[in-house]
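One chain, subunit A, appears in both complexes that follow, with subunit B as partner in the first and subunit C in the second.
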Partner chain A sequence: MHRSPLPADGSRDRTAPPRRRRPSPLRISTVVSRVLIAAVLVVQVYPFLWLLQTSLRDRQDFASANPFSLPAQLTFDNVVRAIEQGDLLRNILNSLLITGGACLLLVVCGMAGAYAIAVLGFRFSGLAKGLFLLGIVVPVQVALVPLFIDYSRLGILDTRAAVIIPLAGFALPMALYLFLSFYSYIPRELYEAATLDGAGPYRIFARITLPMSWNTVVTVVMVNAIFIWNDFIFANTFLLSEELKTIPLGLQNYIGAMGNTDWTATFAAVSITVTPLLLVFLVLNRAMIYGLESGASKG
Partner chain B sequence: MKRKQFLALAAGAATVPVLAACGGTSGGASSTAAAVEGEIEPRPISWLLSRPANGAVISIVSALAEEYAAEHEGFSLELITTPDRPSYIQKYETLAAANELPELFDTDATPFAAKLASVDRMIDVEDLLTQLGVIEDFRPAALDYQRFDDGSLHMIPLEFGVELFWYNKALFEDAGVEVPTTLEEMVPLCEALAASGVTPIAVGGADAWPLERYVAYQPFRLAGPEYITALKQGDAAFTDDPGAASARWLAALGEAGAFQEGFSSVGYADAQALFTSGRAAMYNMGTWELPNLATTELPEEMHERIGFFTLPVTDGSVTGPDEFVAPSGIGVAVNAQTYDPLVRDFLGFVLARYPEEYAKSGLLGPTGIEPAVPDNALPLYQEAIDVAAELGDATLMPWDTQLDPSTNSRLQQELVLLVQGDITPEEFLTTMDDTLTKNAPKYFED
Partner chain C sequence: MLPHRSRLSVAVFLAPPLLLFGGGVLLPIVQSLGLSFYEWDGITGLDFVGLANYRELLLHDDVFRTALVNQLGYLAICLLLQVGGGLLVATLLISITRGREVLKVLYLMPAVISTPAIALLFQRVYSYEPVGLVNTLLNAVGLGALARPWLSDVSTVLAAVSAPEGWRFLGLYTVILYAALLAVPKELEEAASLDGANPLQVFTRIRFPHIMPVFVTTLIMATTYALRGFDIPFLLTNGGPGQASELVTTYMYKTAFTSGHYGSASAISVIIVLECLVAVGLILLLLRRKAA
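So, the complex of A and B:
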């Protein structure tokens, strides 16, 4: 009956004339923002399109003509060669297992550690926090040889665990930091109320902290999954057998004598291998938005 | 225990200069190692290697290993492949530091490998090959390439190639120039070619080593292979005559427009395409590319136009026109700590059959066996192979396997600047001598 939120139908008319009187600033800002969006889109999407285009390009054509020009003709030879030369499916599976394992370990340890430091609190918890954050500054390279010796003693060299553990370990300080800052937003009263209701620390973790942290979990996974997926240095050092090679290692199979690289086959392989990551990224992207919408601040 | 061994390696590395000073006497301890005796107990062994995953070497050795496994139950050869050289070196050095090197591993005759050998981590291969009775089969040049400065041999060559200057006869004719007989002549030659509108020399600058070959040419001609041996230890300087001549020559080449625009970022395959598509007049590359450079793989119009010449000499050259770069690729070292009758027997089996099998691939091999020239080869193919039969005694060792890593990477950067004309030869020489005196003594004496 009355659509009262809007004062009156006339209000629209009243705002219209000034818009008509000075249309240029509005239009300019719209145009500028659209151009910017388009520019960002081109910058973001163009490399991917170039990758796809090159992977369908004839080898000689790519080598002799301008690499940025459009292909003279499309061919699927590169894809065939990429699959014949490499061991793509196994590499993808290995990358999935290692990325999944490392992310799981990272989330579990990061969440539990932050909970202990921020929520439970203990003597020297500040020191513990400081030590964890100190881990951010440790460069990966200095740890390689000691880790290698330790893993070989433990007998886990050349297993997926040998890559999962350091990958999760080196990402842990940052993850812990994210969880810590999120936990500082959870009102203390929530815990007090739960304690009064008779919940112990484990129950509080399982029933309150964990469900509320999903958005942080997604953020941590999103930030780290790409680095872990693309990791080269740990995989190259700790994995020896062909069966365990991840995608970044597998891509080396296209390098020929004295550095003569089969680029078009490499591009075809890259096109195939980025797809799972892209899918995961798109799924997590939506999940993160859902996570933010149903976050703690609403409850 | 392992840590102790690591420390032993570090301590051993510190004694390198002492051992090097002793020269030939250091071979004593390991020479008995090659003569290991006892029962052959089949077990899986590993080979850490840095070779193209689909290359002839890998496929032949794997096939031979399978044959061997059929006769020796329980034996298998595990391949740990890392074709990319920098990643390979990182892995190999980590494994060496952790004392986890497998039975067989690939290595160039680098200072690092020399340290490993000096602490008896690699067996004396000269001894092994002699005992197996195959040493006579190998080309002397192939073995020399693998030797350390003290003349000891710790790596088995599995490949061999001679490096040639491939050129486009038609482009030479158009520019009215002849094949150069001296290195100095290459400067006006490049000027003339550049003036005729083509790229004089195609070089894959992104890979660093193709350009680094050029810096070694003048010193090798003027002072022989001894110059780099002295230079890398800091006993000679870049500012000495051979080095100075090299810097001036490279600057002159750069000024003559010898290399293509943006050469420093051009990759291996692109540089080759520049030459095979007829847009560059010269291309300095080894015989391992014969299947791509001297067969019908080439574009039709190039078949008649392609030719090659060997490294020109200089005035007062101490090395002959038959002496130049003839690498036998990355070698295979045998881990002394895991060496046993099985490893010895397996190597004997492989080395007896390998040369013949490798020759079938059509590539020049480390032994004298003639390769099977493929059906689609141009006449040039055989001519290039014949060059290898007439090699002289001196071998030009590529500098990237000789210098310490810090000096080497600095040299690669400075070379680009020098050729581009961004720095003068004098600046280049001073910078390089500073880098050398800072890094070489530390690396070779610690």
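So, the complex of A and C:
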């Protein structure tokens, strides 16, 4: 279950200052705002509940009864069919490999770059920062045609590296900025003391900066893993063979092949691919939300 | 700056990110720009044509012009839902005391889902035969006359492919704007209320000016993301019916990977970059003038 920092009954730990007025009985504005909040919640969450419910619903029941009514009984037949007919498990493995590779590359490069700019410092560090900032504004489409040509010349088209490089490259600016803003909080005295003890730049990185970075690493990985896992455009352009296809591509294939003939299995396939990331998100949402908030206010 | 650093150590740490960013982002941008001056089908030799690709697109290509106009409609709907909706929901969240953390997480859920899944969901939401969610609701409230196949009706398809993108990231912008609103000093709001300001005045005079920097960032994020929006329209309608939901991005993709006109496609991608830069410049300019 999701842990809320607020107590369940909301009675203690009010962060607002003590109220001067007595809380009046529900005012109209309060009622309206609660209704709106609930309405938005329904719009955001109901589609998933419908998706999950339909994927556990009997095939005939779904075809004959109202598609939005509750299922008469739950069945896992659709899930079994979806796994048998598709390559979903292989797609999940491919997505794991590509997301893992891209995140690793992203973290290593983001940390090293931020260390060079913020801690070591050099004459053109401002220029380097500006150069990376460009990557936040520039759309990914610009890379499709040139990389397609470059990759086919180098012979790495249709390999995992072909998607890992641009995915990590376009995510690098934001990651670098998150590391930069964290490194500016590490006190100078720490580095000076280490220098007096005879530590050079490599040892300081390994003994001080790296061990202190783990929280930022988690944030960077969590935020970027969602977008890398869900990437469609690079994977669709650079991955051609079935053995390498990731979740979004596999799902699209499956929907194309089965979408009009076997609705409940298609919904089960979507649920199978959606659930792992959704579970990770529901458990680790704090790191993700923290990263999204600080990414926007500092980027 | 570390006292005992060396040039070599700077280079060692700077080389990996520069290689990745240079090879994956900067080099392709330069190559796109170069390639946009050539005509090339990917097989025979490069043919230098100067600005002809741009001239052809801007002056003679009706599909491209339709796509440009559509992209603006797509942008408007995304901004309305993401920044407008996000600001509204964030303001509402501030006013309640319980369960805000849980709500934030639930609002964010659609941002975690892959786009083919979202496209499939919305196909069912919009569908006419069998009756989808939107048409079911219209029938239920007595507006059955408005029911239609939203994705194949030329007059509604653009709005229908734009809404899922707005819906998907509403929670993201809510969370960002909510964090900014939380940082507004409570004393300021209280003082304004004591001076007789109504909630709307508290918002326009105190809260909104205070979150302005974050608001500008969100506006830039939402604009540049909407200008490069691709997956959902591509998967839902692939630009159709006709060119009714063709975006600059889907047109670029087809020009390159279906028709094989790499030079022309590069020119389109350069135009997308320019759009993003112009949009960011406009936002900064307009807001600076307003503040001055």
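Everything that follows uses one rule, which is that the second predicted complex is superposed on the first by the 202 of 299 C-alpha atoms of A that agree within 3 Å, B and C clash if a C-alpha of one lies under 4 Å from a C-alpha of the other, contacts with A are read in each partner's own complex, and residues count from 1 in each chain.
The working rule: a residue touches a chain if its C-beta (ideal position, glycine included) is under 8 Å from a C-beta of that chain, and two chains touch if they have at least 3 such contacts.
Source: prediction; values computed, not measured.
Colleague: Based on the superposed arrangement, let me know which partner A:157 touches: subunit B (first), subunit C (second), both, or neither?
Modeller: In the superposed model, A:157 contacts subunit B only, not subunit C.
Colleague: In the overlay, answer first, second, both or neither for which of subunit B and subunit C A:259 touches.
Modeller: both
Colleague: So, does A:285 touch the first partner subunit B, the second partner subunit C, both, or neither?
Modeller: second
Colleague: Which partner chains sit in contact with A:240 here, subunit B, subunit C, both or neither? Use first/second/both/neither.
Modeller: first
Colleague: If we overlay the two complexes on their shared chain A, which of subunit B and subunit C does A:48 touch? Say first, second, both or neither.
Modeller: So A:48 only meets subunit C here.
Colleague: Which holds for A:195: it touches subunit B only (first), subunit C only (second), both, or neither?
Modeller: second
Colleague: Tell me which partner touches more residues of subunit A in the superposed arrangement, subunit B or subunit C.
Modeller: Higher number of touched subunit A residues: C.
Colleague: Tell me which partner A:74 touches in the superposition: subunit B (first), subunit C (second), both or neither.
Modeller: In the superposed model, A:74 contacts neither subunit B nor subunit C.
Colleague: Which of the two partners, first being subunit B and second being subunit C, lies in contact with A:132: first, second, both, or neither?
Modeller: So A:132 only meets subunit C here.
Colleague: With the two structures laid over each other on chain A, which partner does A:144 touch: subunit B (first), subunit C (second), both, or neither?
Modeller: In the superposition, A:144 touches subunit B and subunit C alike.
Colleague: Do subunit B and subunit C land on any of the same subunit A residues, and which?
Modeller: 67, 144-145, 148-149, 232-233, 237, 252, 255, 259
Colleague: Within their complex, state which residues of subunit A touch subunit C.
Modeller: Touch residues, subunit A against subunit C: 2, 4-6, 10, 14, 16-17, 29-30, 33-34, 36-37, 40-41, 43-45, 47-48, 51, 67-68, 105, 108-110, 112-113, 115-117, 119-122, 128, 131-132, 134-135, 137-150, 165-166, 168-170, 172-173, 176, 191-192, 195, 200-202, 204-205, 226, 229-230, 232-233, 237, 247-248, 251-252, 255, 259, 266, 270, 273-274, 277-278, 281-282, 285, 288-289, 292-293, 296-297, 299.
Colleague: Can you check the complex and tell me which residues of subunit A touch subunit B?
Modeller: Per the stated touch rule, the residues are 60, 63-64, 67, 85, 144-145, 148-149, 152-153, 157, 232-233, 236-237, 240-242, 249, 252-253, 255-263.
Colleague: Which bits of subunit B are touching subunit A when the two form their complex?
Modeller: It is residues 2-3, 6, 46, 48, 51-55, 78-85, 87, 90-91, 94-95, 97-98, 100, 204, 207, 209, 267-270, 272-274, 276-277, 286, 288-289 of subunit B that touch subunit A.
Colleague: Once bound in the complex, which stretches of subunit C touch subunit A?
Modeller: These residues of subunit C touch subunit A: 1-7, 9-10, 12-14, 16-18, 20-21, 23-29, 31-32, 35, 42, 85, 88-89, 92-93, 95-117, 120-121, 124-125, 130, 133, 136, 167, 170-172, 175-176, 179-180, 186, 190, 199, 213-214, 217-218, 220-221, 224, 227-228, 230-231, 235, 249, 252-253, 256-257, 262, 265-266, 269-270, 272-273, 276-277, 280.
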